[in-house]
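Naming follows writing order (A, B, C and D), and every chain is counted from residue 1.
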Amino acid sequence: MTTHRFVPTAFFNTIGSHPPVLEIASGDTVIAETVDAHGFDRHGNKRGDRPNPMTGPFFVAGAEPGDTLQVKIDAIRMTRATGWTFDTLSPNVVDPGAVARFPERRKTGWVIDAQKGRAWLAEPPASLQNWSVAVEPMIGCFGVAPDVGQAISTATSGRYGGNMDYRGFCAGVDVMFPVSAPGALFFLGDVHAQQCDGEIVGTGIETAAEVTFTVKMIKNRKIGWPRGMTDTEIFTVGNSRPLDQALQHATTEMLDWLMEDYGLDEVAASHIMGQAVRYDVANVFNPAYSVACRIARSALTGLK
Amino acid sequence: MTTHRFVPTAFFNTIGSHPPVLEIASGDTVIAETVDAHGFDRHGNKRGDRPNPMTGPFFVAGAEPGDTLQVKIDAIRMTRATGWTFDTLSPNVVDPGAVARFPERRKTGWVIDAQKGRAWLAEPPASLQNWSVAVEPMIGCFGVAPDVGQAISTATSGRYGGNMDYRGFCAGVDVMFPVSAPGALFFLGDVHAQQCDGEIVGTGIETAAEVTFTVKMIKNRKIGWPRGMTDTEIFTVGNSRPLDQALQHATTEMLDWLMEDYGLDEVAASHIMGQAVRYDVANVFNPAYSVACRIARSALTGLK
Amino acid sequence: MTTHRFVPTAFFNTIGSHPPVLEIASGDTVIAETVDAHGFDRHGNKRGDRPNPMTGPFFVAGAEPGDTLQVKIDAIRMTRATGWTFDTLSPNVVDPGAVARFPERRKTGWVIDAQKGRAWLAEPPASLQNWSVAVEPMIGCFGVAPDVGQAISTATSGRYGGNMDYRGFCAGVDVMFPVSAPGALFFLGDVHAQQCDGEIVGTGIETAAEVTFTVKMIKNRKIGWPRGMTDTEIFTVGNSRPLDQALQHATTEMLDWLMEDYGLDEVAASHIMGQAVRYDVANVFNPAYSVACRIARSALTGLK
Amino acid sequence: MTTHRFVPTAFFNTIGSHPPVLEIASGDTVIAETVDAHGFDRHGNKRGDRPNPMTGPFFVAGAEPGDTLQVKIDAIRMTRATGWTFDTLSPNVVDPGAVARFPERRKTGWVIDAQKGRAWLAEPPASLQNWSVAVEPMIGCFGVAPDVGQAISTATSGRYGGNMDYRGFCAGVDVMFPVSAPGALFFLGDVHAQQCDGEIVGTGIETAAEVTFTVKMIKNRKIGWPRGMTDTEIFTVGNSRPLDQALQHATTEMLDWLMEDYGLDEVAASHIMGQAVRYDVANVFNPAYSVACRIARSALTGLK
């Protein structure tokens, strides 16, 4: 149950079977620094390249393909009082006929006040002079090495996690990833101070952070897609295009989870899901979109 | 400000320019009975045919194409202690390779206890013996006559509303529809006692009801898609396939709404939406899927 | 076996159960005039409104729901030496990021020389001064009244046919439609002098025409989607969004056809389709996209 | 202008920056053996693993990111008299409600007679006793190392090529790939003796082969997606899901090509494409679907 403090000196732009930066054990906690999506660190110095430079990989001793890696997000502490976003809705989230209404996309600065828990535009237009948003930090991109020895760009995502850009990946959540490589090889980065559903401007409020996480190895438990747990909910995440397919992946994974954990057949699980499921459109911007399928723990009351 | 009580004797399976059953005025309230999606009334008698037999149309005096019809859902009172659902996830919401795992779809009975606010399966499998769900009634299918003189099946939906099957259409919500025909011609029906996001078993808990609603005509206000308002949120609904396009419609409609009501340009509206938007997958079952784009009123604080 | 000559005086913008303009018998031939997609006739006079004003409906004596109406396109004769197109790729067929590269869409005139079989831009830019296209006339929009008493805009399409904008619907083809209303109620219009796959500028070369067709009623033959036959091929057409679903409809309809006509089971039909199927993207512009699934008659050699 | 003969001893299951097996020069020809999609060679011996084991990579001296690699497919000679396919339509290409009609997918043997140019099922059902198909060999999976140092599974495809499964990649075609890594790093494999549009049973007739190809380096020519040329056509290929997006990629790439090579602006290119484009659904089975956008050289007559 060691706590490691890790400050990266190099960053990967793919999630794959790269040489580990640290070996850790199941139960260990790591406090790791992350740079923003364009590679800028806590001091605003450029340390990595686009897309989404990753801290890691962390080698979890004993993890093997067919296991599950559970990662508890203990804390996400922003380390910079500035962030940035793009300033227009992404062309793919509006009607094709409305795309030409937008000016060319620009990068825009934000001020982040972690104490007050608010963020605002550094140079707001007149109409937004008195407007600000809550700070609710989340991890944009994290996951484990994918199968078949692949190394996949951190712009996208898959069964292994990746750039899911889901605001549900915040402090307090237990996230599970399917292990496909020895040591699991866990990467993380791309913290957002805030983000809507869908990441529809193509970014959250991108910033540098220090993430505290605790890993737990679950031997011989095979899952198909990332899963999450909070005190009040369980959820699954499917990553693909279009949204319809991401939703199919998340729904099928939830079906499997309910059947495994509650001894249900397909019909019983359908009854529960048919009245209780909630969906989040996590991101509808990246090459693979992400959809979360959630169920409140209260909706599972009365099951064995 | 008359209150009308309306008990239908015939039902339409299309939403279109049919002869009105009642003429009402802006400000009037109607208490109207609805039958369930397969046409069964409060006594369990078959009174209409599939799909989704509609009560109405109600002619709103003075409404013209280019206006908006606002319908406040005052109350949804279920009039039957029974409902029904389908018992398997719809083939289109799971991975294509998982479809064959499900038995053939059957219609399943539910007991609805409106007093207790709970519903449960009439003949539950052993695993669901102690399981029940909250009752949260909503309107599955409602809207106004579409444009070009169309009459469109109540199985589907469009700009005019229709079978959106969105659990957000519950008591207390103000819904707005774009008027395309003289008198607007408002139809409603297909009440559900409960339904998940996505209507992923192809039904909510289908039942008969008595819906109280109040209409308000907004002259010369042209909207593109259904909009809704609650005390805490505003939302838009896009109806289409795939989900990606339904989301584009809802997002573009929200963009327009924010620009109209808050004097924003595309960039300012993008900043707000990019941090504040929430999406609901209303239905992912009908010929047209429905996606809602929501913004909390609190996220609009500080705007003019 | 009568031959009727029909000159329309009014036009419908929906395909539905409208009063017939002419009753015909199975085996009859009709020579009918059609106006262009914006309602302009052979003389360039505006006679109908957008979208796609239809000639018809023709009532086929004895046709009932559950039958199939076979329509042989005997000839398509263009009656005007001019046509028009839009002049930019539709925003939905290019990468969202490329949409803003195009100027605003304009209507552009063409000269059609039916004798020479060529068409060219009336006012070409310098780069297209010596460029012309072949004339290959086709019917953009035709079909029979849909089910449930619907009346559906001629902008879109469905199982009943409609605005499929498929260049395969040309002279010499036998087209089959599923009958859903007494008399079938056949409509036609929207002839194009030429059109690419996909109708990616949103139009073919739109013009007025005189279409000669012969109807044949096939009693008690129920089909699911439009089918076609030429001397060398059979094909099915699925209409929906996205392309993936239109393709699923067309593929499933072809599966059923092969099984019905050749006594095959699903596996045998899969073997044939898996090596022989061709797909056409008929239109990727209208509210419902259209995909054709074709099989060469030569690929069916050796079957019973 | 050397001709190399290459017999692989090991195979890659990802396309990425792996150590080259052979360095070649622009203008060189290579005769390379390939094994089938499951790794079986000309003798039926298992030599590689799923998915699609690749021969290569070939390092093209001097090729750098920003260049284009042109690969002429000189010949595809099948080296085995047997092949195999799956025996059911893939669940994602039929209506979701039709999926359960199919039995479980099995691998089925074929006899290939290259002399006669025909192939037939090794153990045909009675209904297919006299049925055979033409042999038209094509390359299922080939391409160059992708950008960002990625190594991507040969199950899928992207801008770099990959598992496009397009029957248009046959002998006589010049294919162009965008170079993203020094030496381009060209891989190939997965030859099919025959395949329909869409690869709708999930395979072509999978077999081993000897492929002869000639490489040509085009310096400082940057393309976005694979392109192809035959004597009669030019084409582009977009790889993505859903089909709509693959089509957008292919269409935008064709737009760029016409503008570059013929000095056209967007409007002039739209006029040509709007009357002349043909689309092929290359594959609608793999994680990324592939769509080809073709234009006949005859449709470009009269341009500069």
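Here is the rule we go by: contacts are C-beta pairs under 8 Å (C-beta built on N, C-alpha and C of every residue); 3 or more make two chains touch, one makes a residue touch a chain.
Note that the structure is a prediction, hence the values are computed from the model and not measured.
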Could you quickly compare A-B and B-C and let me know which has more C-beta contacts?
A-B
With residue numbers as the basis of comparison, which of the pairs C-D, B-C or B-D duplicates the interface of A-D in over half of its contact pairs?
B-C
Dist(centroid_CA(chain A), centroid_CA(chain C)) in Å evaluates to 47
Would you mind pulling out the distance in Å between where the CA atoms of chain B average out and where those of chain C do?
34
Counting only residues that touch at least two other chains, what does the list for chain C look like?
92, 96, 102, 242, 244
Have a look at which chains touch which and call the overall pattern line, ring, star, complete or other.
complete
Which of the residues in chain D come into contact with chain A in the complex?
13-14, 16, 51, 147-153, 155, 240-242, 244-245
Of chain A, residues touching chain C in the complex
90-92, 96-97, 99-100, 102, 242
Chain D residues touching chain C in their complex are 85-89, 92-96, 98, 101-103, 108, 121, 125, 127-133, 194-198, 200-201, 203-205, 242-244, 247-249, 251-252, 255, 262-281, 284, 289, 291, 299, 301-304
